[in-house]
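Both complexes shown next keep chain A, but they swap its partner, so chain B is in the first and chain C is in the second.
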Partner chain A sequence: MTNSSNRGGSSVSVLNDHTGFQAHRVLVDWHRGDWWDKLQARFKELTSLPRGWDGYAGVPVAWDNASFAAKLIGTILPQNCPEPSLVPGADGTLQIEWHQNSFDIELDILGPNNVIATRYNLVTDETNEVHVETDFSEVVCWLDAMSEAGAEIEAA
Partner chain B sequence: MSLPSFDNPPLEEVVLGAQFSSPEGFNSTHNGQVWSLFGQEFPIVQDQPRLEPQFEVFGGQSPQQGIRLDFGPPPLRNRLWFVSNDQSHLLQFQDDRLLLNWRKRKEGEQYPRYETISDKFSEYLGRLDSFYSSKYQMPLRINQAEISYINIIPMENYREIGELLSLVRPSSVELEGINANFGEVIRRDTKPVARITYELQSVSTVDGRKRALRLSLTYRGKPLLENIDSTLDFISNGRDLIVKRFCDITTSKAHGLWRRTS
Partner chain C sequence: MLCPKREQKLRLPDLDDNGDVVPHDHDEIQNDDFLIRRVNPKQHVVPDDNRGCRRISSKLFQPSSAENGGMSVDIKPLIEGLGEAPEQYVVTPVFLGAVEFSVDVARGNNLRVGYDPLPDNECHGEVWGSNRPNRFSGSQNKALHRSCRWLVELDDVELI
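For the complex of A and B:
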């Protein structure tokens, strides 16, 4: 394997294996905040749940679903986004949730590229729901609005 | 309109890949059965660390700075390399991935051309699809596909980079090394469908005597449908774009060096 980036490039290349050329790069991950470590622990917990964890026939969160959720959190969350909660589904699905600043936002990860996103505005009683495969632009707008509402509450 | 073509491209490696749902019931003992599907063309087997799942998603504000969540060990299954006798072709398999690499083994070796590699990949995907369908009653449900072109461009002094690449043109900067990623979202009818990642990286031999620039272009995303035909369409579109973009980001001087024919 090459020492290529995990950021989406040619991680499947095997070139260094035979050309003798070596990369000059050291990868350093940046850190989002205190809640990041907790989130990692929570992912680990949810993918390791015992069968029947809910008292019935619940299965642990599927690896594919957890991986996709982690990718989402790592790439679409605005910098000032509050900490999400992770809630397991009995069928191996997973929800990423925020309940704050007068908004309920839930991303129901039914599978990779198969997400039901809902937003409930507690002030206006308005509900939005979209099915998302790859383009999370609308969800990012929701998260921005929630984060900005939090900043306004803090400033008031 | 025909694609640009070169008699002597700096191409060192081409990778075609598909990622799919892991079938329930798969375990490591089944790897031998998978190898038996490909053993005639790929008699050499090597264990490799497992690849992490890759998903292209869109809408984030800084996708290049995406951070990674590690939450413990992945499933206890390896990736296997099935290698051809001449080592030029390599099939990478794990229960949720199949990738075909062509790699240049020696100077002067001819690139077998995309159509040849794509036909092989199609055939190998078909074999795996039949195996999954009969053993797990689940055809391949492909959720991501990708194609990468990796070029090695010899370059003793990185000041010369602007002479060959129009993407980066340092004027008076004495570059010691280069590590840069660029992302481009590809849209169809304003809807994002794939991402091209451009990677520029200075590389050198272990003894430091030879230096070069590695230029990788990767096109990745979710095919329109989960089946093999849709995946091959996606990869073919990616190949066309990669070839066009490669010409866009390299100079006419470079095209002369690599003997552009169309």
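For the complex of A and C:
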């Protein structure tokens, strides 16, 4: 996983509540504009979805997958990266996605270190898809390009 | 279960040792039949700044990653065979949206369409991948997404 000075950090914590039962929270202890609180609330919502939330037999997002997604967001997103959307799968997986600055980027978190990453460039009509386990350098480049395109649009 | 289009029952699928349906392509589900996929507006809809809209996420068209997992659907002619309106059947009690796509599109993209009746949904089916049942390629996902149409439309939400 790529580390860079202009990227944040995150941690995942397991909390014990006063009842003695383990209470799990996905913590993204890193601030990236006003969408940080929303993201943390969204993780809580996704890991608490009721069984059958999709109209079939959907289960909540698995703790391991949510934790990995939070860590990924905290590690590889550039500082000026726009807010991602988090979409649950019926099987406890989740997808991180952006549809901004002429790019569609989707990171389908099938499990920790098991990610299908897809990028569609609306300008060139080019699609890239990679299966990532540990080396996210290509995805980092995609996110940098999307974020830089946003900065250029703002500057124009 | 009677289907008025064919006036015959769908043959029950084979089960594995765990009692789960074995991925298959059911020869009694016809190419011109339609499959319904329920949409949870709070979970499946994302903002799309590129197109200036809110839209359905591609994640809606992914199978379960569990072994032999597929993508759950409702088989439209079976609902009609029960004498029920599909538009009502798939949104009861809380699911506010639904899209549909043809069996022909799924099979035309090397996906398998099977029957997987559940205790609480006898019209339930699955769409499986060809090589790996629990995985759709990007092009298969996109084909389903691009071909689908609203059965129960969500306000201010685009399909793509």
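The working rule: the second predicted complex is superposed on the first by the 126 of 156 C-alpha atoms of A that agree within 3 Å, B and C clash if a C-alpha of one lies under 4 Å from a C-alpha of the other, contacts with A are read in each partner's own complex, and residues count from 1 in each chain.
Just so it is clear, a contact is a pair of C-beta atoms (placed from the backbone, for glycine too) under 8 Å apart; a residue touches a chain by one contact, two chains touch by 3 or more.
Everything numeric in this text was worked out from a predicted model, so none of it was measured.
Using the contact criterion defined above for the overlaid structures, shared-chain residue A:89 touches chain C, although it does not reach chain B. In the superposition on chain A, A:50 makes contact with neither chain B nor chain C.
Once chain A of one complex is fitted onto chain A of the other, the partner contacts of A:137 are limited to chain B, with no touch recorded for chain C. In the superposed model, A:64 makes contact with chain B only, not with chain C.
Of the two partner chains placed by the overlay, only chain C lies in contact with A:122; chain B stays clear of it. More residues of chain A lie in contact with B than with the other chain of the pair chain B and chain C. Touch criterion met: A:76 reaches chain B, while chain C stays clear of it.
Shared contact residues on chain A (touching chain B in one structure, chain C in the other): 111.
The touching residues of chain B, when paired with chain A in their complex, are 12-13, 15, 17, 21-22, 48-49, 51-61, 63-72, 74-75, 81, 87, 90, 92, 96, 99, 101, 103, 105, 143-144, 146, 148, 150, 152, 177, 179, 181, 183, 191-193, 195, 197, 199, 201-206, 210, 212, 214, 216, 218, 220-222.
Chain A meets chain B in the complex at residues 1, 4-15, 18-25, 29-32, 36, 39-41, 43-44, 47-48, 63-64, 66-68, 70-79, 111-113, 133-140.
Partner chain A is touched in their complex by these residues of chain C: 38, 40, 43-44, 46-51, 55, 57-59, 62, 64-66, 69, 72, 90, 95, 118, 121, 124, 138. By the touch criterion given at the top, residues 49, 53-57, 82, 85, 87-91, 93-95, 97, 99-104, 106, 108, 110-111, 118, 122, 127, 129 of chain A touch chain C in their complex.
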